[in-house]
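Mind looking over this structure? Questions follow.
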Amino acid sequence: MGINWFKYSSPQAFHPLAGKMIPWFSVAAGLLIIIGLYIGFFVAPTDFQQGDSYRIIFVHVPAAWMSMFLYVIMAAWAGVGLGLNARPSFMMAQAIAPTGAMFTFIALLTGAMWGKPTWGAWWVWDARLTSELILLFQYIGIILLRAAIDDLRRADRASAVLALVGVVNVPIIYFSVRWWNTLHQGASVSMTASPKMATTMLTAMLIMTVGFWMYSFAVTLARVRCVILDRERQPMWGNQTSIQEVAEAR
Amino acid sequence: MLQTVALRGSRGQRQLFSDISVTVKPGTLLAVAGENGSGKTSFLRMLCGLLSPDDGAVLWQGKDIRQLKELYCAQLIYIGHLNGIKDDLTPTENIKISAGLAGGDSSSEIVRKALEAVGLGRSTHTLPTRVLSQGQKRRVALARLWLSTRPLWFLDEPFASLDTLAATYLTQRLQSHLGNGGMVVVSTHQEIALPTDSIQHLRLSR
Amino acid sequence: MSQPSMSEALGGVVRRDLLLAMRHRSDVAMSVFFVVIVASLFPLGVGPEAAVLRMIGPGVLWVTALLACLLSLGRLFTADYLDGVLEQTALIPQSLAVLVIGKVFAHWVVSGLPVVLLSPLLGLQFGLDGVTLGVLTLSLLLGTPTLSMIGAIGAALTLGLRGSGLLVALLVLPLFIPVLIFGAGAVTSSVSGIGSEANLSLLGACFLLSFAFAPWATAVALRIALE
Amino acid sequence: MQWGSVSEFFAMGGYGLYVWVSFGVTALCMFGEVLAVWRRHAAAVAESRDVS
Amino acid sequence: MSQPSMSEALGGVVRRDLLLAMRHRSDVAMSVFFVVIVASLFPLGVGPEAAVLRMIGPGVLWVTALLACLLSLGRLFTADYLDGVLEQTALIPQSLAVLVIGKVFAHWVVSGLPVVLLSPLLGLQFGLDGVTLGVLTLSLLLGTPTLSMIGAIGAALTLGLRGSGLLVALLVLPLFIPVLIFGAGAVTSSVSGIGSEANLSLLGACFLLSFAFAPWATAVALRIALE
Amino acid sequence: MLQTVALRGSRGQRQLFSDISVTVKPGTLLAVAGENGSGKTSFLRMLCGLLSPDDGAVLWQGKDIRQLKELYCAQLIYIGHLNGIKDDLTPTENIKISAGLAGGDSSSEIVRKALEAVGLGRSTHTLPTRVLSQGQKRRVALARLWLSTRPLWFLDEPFASLDTLAATYLTQRLQSHLGNGGMVVVSTHQEIALPTDSIQHLRLSR
């Protein structure tokens, strides 16, 4: 008989736990982003080539990274959900999608804002840019597919399959600058080579990135709580009173 | 031998049945009864492995069908509410292809015999199934039973829209299958004219 | 007990679908017709300048082939789903992924192959030269099965949902785009005299990748849809 | 610190529009998302209270 | 005895179809996304040069609108045919042609109208100017209902004449082409500064003509399909 | 009063029936019997005007229905093998809309009563019909009969896939309709539990 202990890991127990974690992540996110912005705007020097337009990097790069990370994490939860038939991991995947889509949108928009002064065009059909746009479409597709299916079980699993299939795009985005001759900048932070950027710039960017991480944790957990409540309201998990207690025990 | 162990099933938010443990021994028929919407179809699909149970398991010869997978599929025939035949192909083509897909003999002679056994006259064999009447379509679907050497049959309201003659043919076929040690699970609102000792009843209630 | 061999099962699935296609041969004609019409509309709409046509030709032809695939995706599983043949297919004692390959192959023979065979003629309309026509045909030969394979995932995921024609487009178009870029890129680079090997081998890679993963994902999606 | 005055800071060396639109939209999106999730949670809690 | 007034019957048909479309609120969003994605495919395939894009813009947008109509045409009658609602519709004590208008209208609201409303934005992508955007929207507003109306005939005939779909294609696609040429022509002539009145009034004529004849032809085709 | 005059019908190359002259008087039921494929469905569709006869005519109150057209449609209800309901709408929406299309009263109260009369519990009224079971879908289709004030009913195997309870409801409804002077033409393979003097039998044979 299949072992399904994940199925019994109770969302009811998770709801208050998430409630306790959210404030910490929120505070961390706020602090880190403020520090990052301070270093970015007041400590980091003006770039001698791009002038001050380069400061877009402090949102562009963290957002672009988050868009890819979140996709991978979402797909991982989806995979776990499919493999172990675990409802909570589907909920995590569901909760991550909108935030991922938002960061993708931000990466695209800030990229366009950066492209106009540096390349002279809002948009070019370059491999990195196009693949990032595709990522946005993928997020939207996953969200819409879920919205189009009434049956929760099917909605969970169908969007999980779609999320897993779409993972191929992430390495394409990441390596597009290396594989193709693109207008877009190559990686300036890498494990092997020493950073090419000014250290203050790099520091600000990394702090912003960690801040965005914290933000994503907080928002995702909060959304998972909504998802749990939405699903529990339907009488499938029975026991209505305990749900209300859980909701109030925030 | 087919066994269910504490089977629980639900659709959407509704639990349909729970804790169903039955055993279908060779040579016996399990008649699943119940009102409309009580979960007969869901139960049958679960026994086939098309639907996964919320809890419990279905065992074939003592092994979980989720482990057996294709090996289990090779033991069974399922005929649901939908006939599973192609409207644009003729009855002959339909049966020939599904016999081929089942890995059995699919010579024209055998296919013709099966269609005749279920009471479809020669003239209908080469019409597109689309133009046949409701009952004739059902007969085409049921003709697969006459070709089968598989032990386990799942029939979802097989008698619906059959006339009395066709119903007799089907009953006879069920009897001979049981006589050969086959097993049948059937859902129906009608009485089945078979010796009572070979029939086991399961009633689902809402 | 009676269990079909893999080739028997695959053959049965392919034979049934091809037989059905032969029953209404118009289906084959339809996708050819669609491609011809759409491809001819552009010279009509854009104007007859040869230089412009040669420039947009590869892109237009590839987009047309892509759309033809997209339009015919609805036929891939829907009918089988509605008449119960799909659940019977899921009960065939063979890996469903293999049977999916059979269905996709039959679908490609009906909707993709005619477009590939027709492409040199269409390329002539846009003033492409001999070598380029070869590249065009080759790129479509590699690309259209990839499109069918990817499309099958979308078709399976949206089975039985309302508005699925558009939803399926939304789901698979992002995944189609790389294929489109490499395909059109191969032809364009051949037009401008650069070698098209790089793009063609990328297309080949897409084909292999989709061949390895798509049938499996489609099979999972079909089982979900049948629940 | 390289900024001589507040207006110089907002001008961003001539790139003010691009920089501030980027940061502004990002802030808007993030705050909007937080607000949306917060309201959704409130609604979900209210409704689950109604049901029981 | 109980007999619905014409407005009751028409209203009932329209309400049911709109209700079905609204069942998933994402339905309308979907056709919008479809158009956006397809319109972005062309720059991907053709390449990014602004002059070329402006030249092919009108044609591309019109083909996109046509495809959105074509993709959703399948759900006009097929579902009703398969679930028996069509035969019930044929038994409503009102002229079937009138009921057909209701169905086509509901279909257009869901699949055509969003495209019309979106078209100015898409036109911007291709670098069209203000006046041209107006002409584009107007031409689509006149043209898309015409396409739906003509498409309905094809959809109805396909229900009846399964075997001879080629005939349907031959019958309907030529009827689509004038609409496309006048529509794209209106926009193109506005791009090049020539007045677009002639093309627009031809479009209007197409609309009136199709409004007068298509519902009737569709009703006849439906009755044949039901026999 | 419904009358057929020397009606002849064929499908494809096959003649199904010929020279059928029957009269259905107010308060009576015509039960059409026959094997699968004998032409019951075709006969019913001909009486509705969905299919045109090869020969002969159908008369309503003495006038040919081909002349009456919409006026005739306003007198009848036809429920065929297909349920004629939308899978994506709920039972309530389906019935409400079809009541509106029939020109009758379509208040929520009345619709709810009709659905309950046919034995569908409240909880199913707001599910999409797609998820209902075969028999529940059939019940939704039949609920139209409870809203109707039209005299002429054509029912094609209405009892198929209904459970016994639902069948009783339907029989009672038929009886009350006949009592009000209505007319029913029904095709079925089952016996109908109605007073024999109000039933007239027609047997089609192949």
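So that you can tell them apart, the chains are marked A, B, C, D, E and F in the order they are listed, and the count of residues begins at 1 in each.
To be clear about the criterion, a residue touches a chain if its C-beta (ideal position, glycine included) is under 8 Å from a C-beta of that chain, and two chains touch if they have at least 3 such contacts.
Note that the structure is a prediction, hence the values are computed from the model and not measured.
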Margin query: Following contacts chain by chain, what is the lowest number of steps it takes to reach chain E starting at chain D?
Written below: 2
Margin query: Looking only at C-beta pair counts, which chain-chain interface has the most contacts?
Written below: C-E
Next item on the list: Count the residue numbers both chain C and chain E use at their shared interface, divide by all numbers used there, and answer same if that is over half, different if under half.
Entry: same
Notebook entry, point to check: In terms of CA centroid distance, which chain is the most far removed from chain E?
Noted result: B
Check: So which chain is farthest from chain A, going by the mean of the CA atoms in each chain?
Finding: F
Checklist line | Centre-to-centre distance between chain E and chain B (centres being mean Cα positions), rounded to whole Å | finding: 45
Next item on the list: Could you put a whole-Å number on the gap between the CA centroids of chain E and chain F?
Entry: 36
Checklist line | Interface hub residues of chain E, defined as touching at least two other chains | finding: 20, 23-24, 26, 30, 33, 37, 44, 47, 82, 162
Item checked: Per-residue multi-chain contacts in chain D, two or more chains -> none
Next item on the list: Two or more other chains in contact with one residue: find those residues in chain B.
Entry: 12, 81, 88
Next item on the list: Would you mind writing out the residues of chain B in touch with chain F in their complex?
Entry: 11-12, 14, 34-41, 81, 119, 121, 123-124, 127, 131-136, 138-139, 157, 160-166, 189, 206
Next item on the list: Going by the contact rule at the top, pick out the chain E residues touching chain A in the complex.
Entry: 24-26, 29-30, 33, 37, 40, 43-44, 47-48
Notebook entry, point to check: Mind pulling up the chain C residues that touch chain B in the complex?
Noted result: 1-5, 8-9, 11-13, 15-16, 19-20, 23-24, 82-85, 87-95, 226-227
Check: Tell me, which parts of chain D touch chain A in their complex?
Finding: 1-3, 9, 12-15, 18-19, 21-23, 25-26, 29-30, 33-34, 37-38, 40-41, 44-45, 47-49, 51-52
Next item on the list: Spell out the residues on chain A that touch chain E in their complex, using ranges where they run on.
Entry: 124-125, 130, 133, 137, 140, 144, 147-148
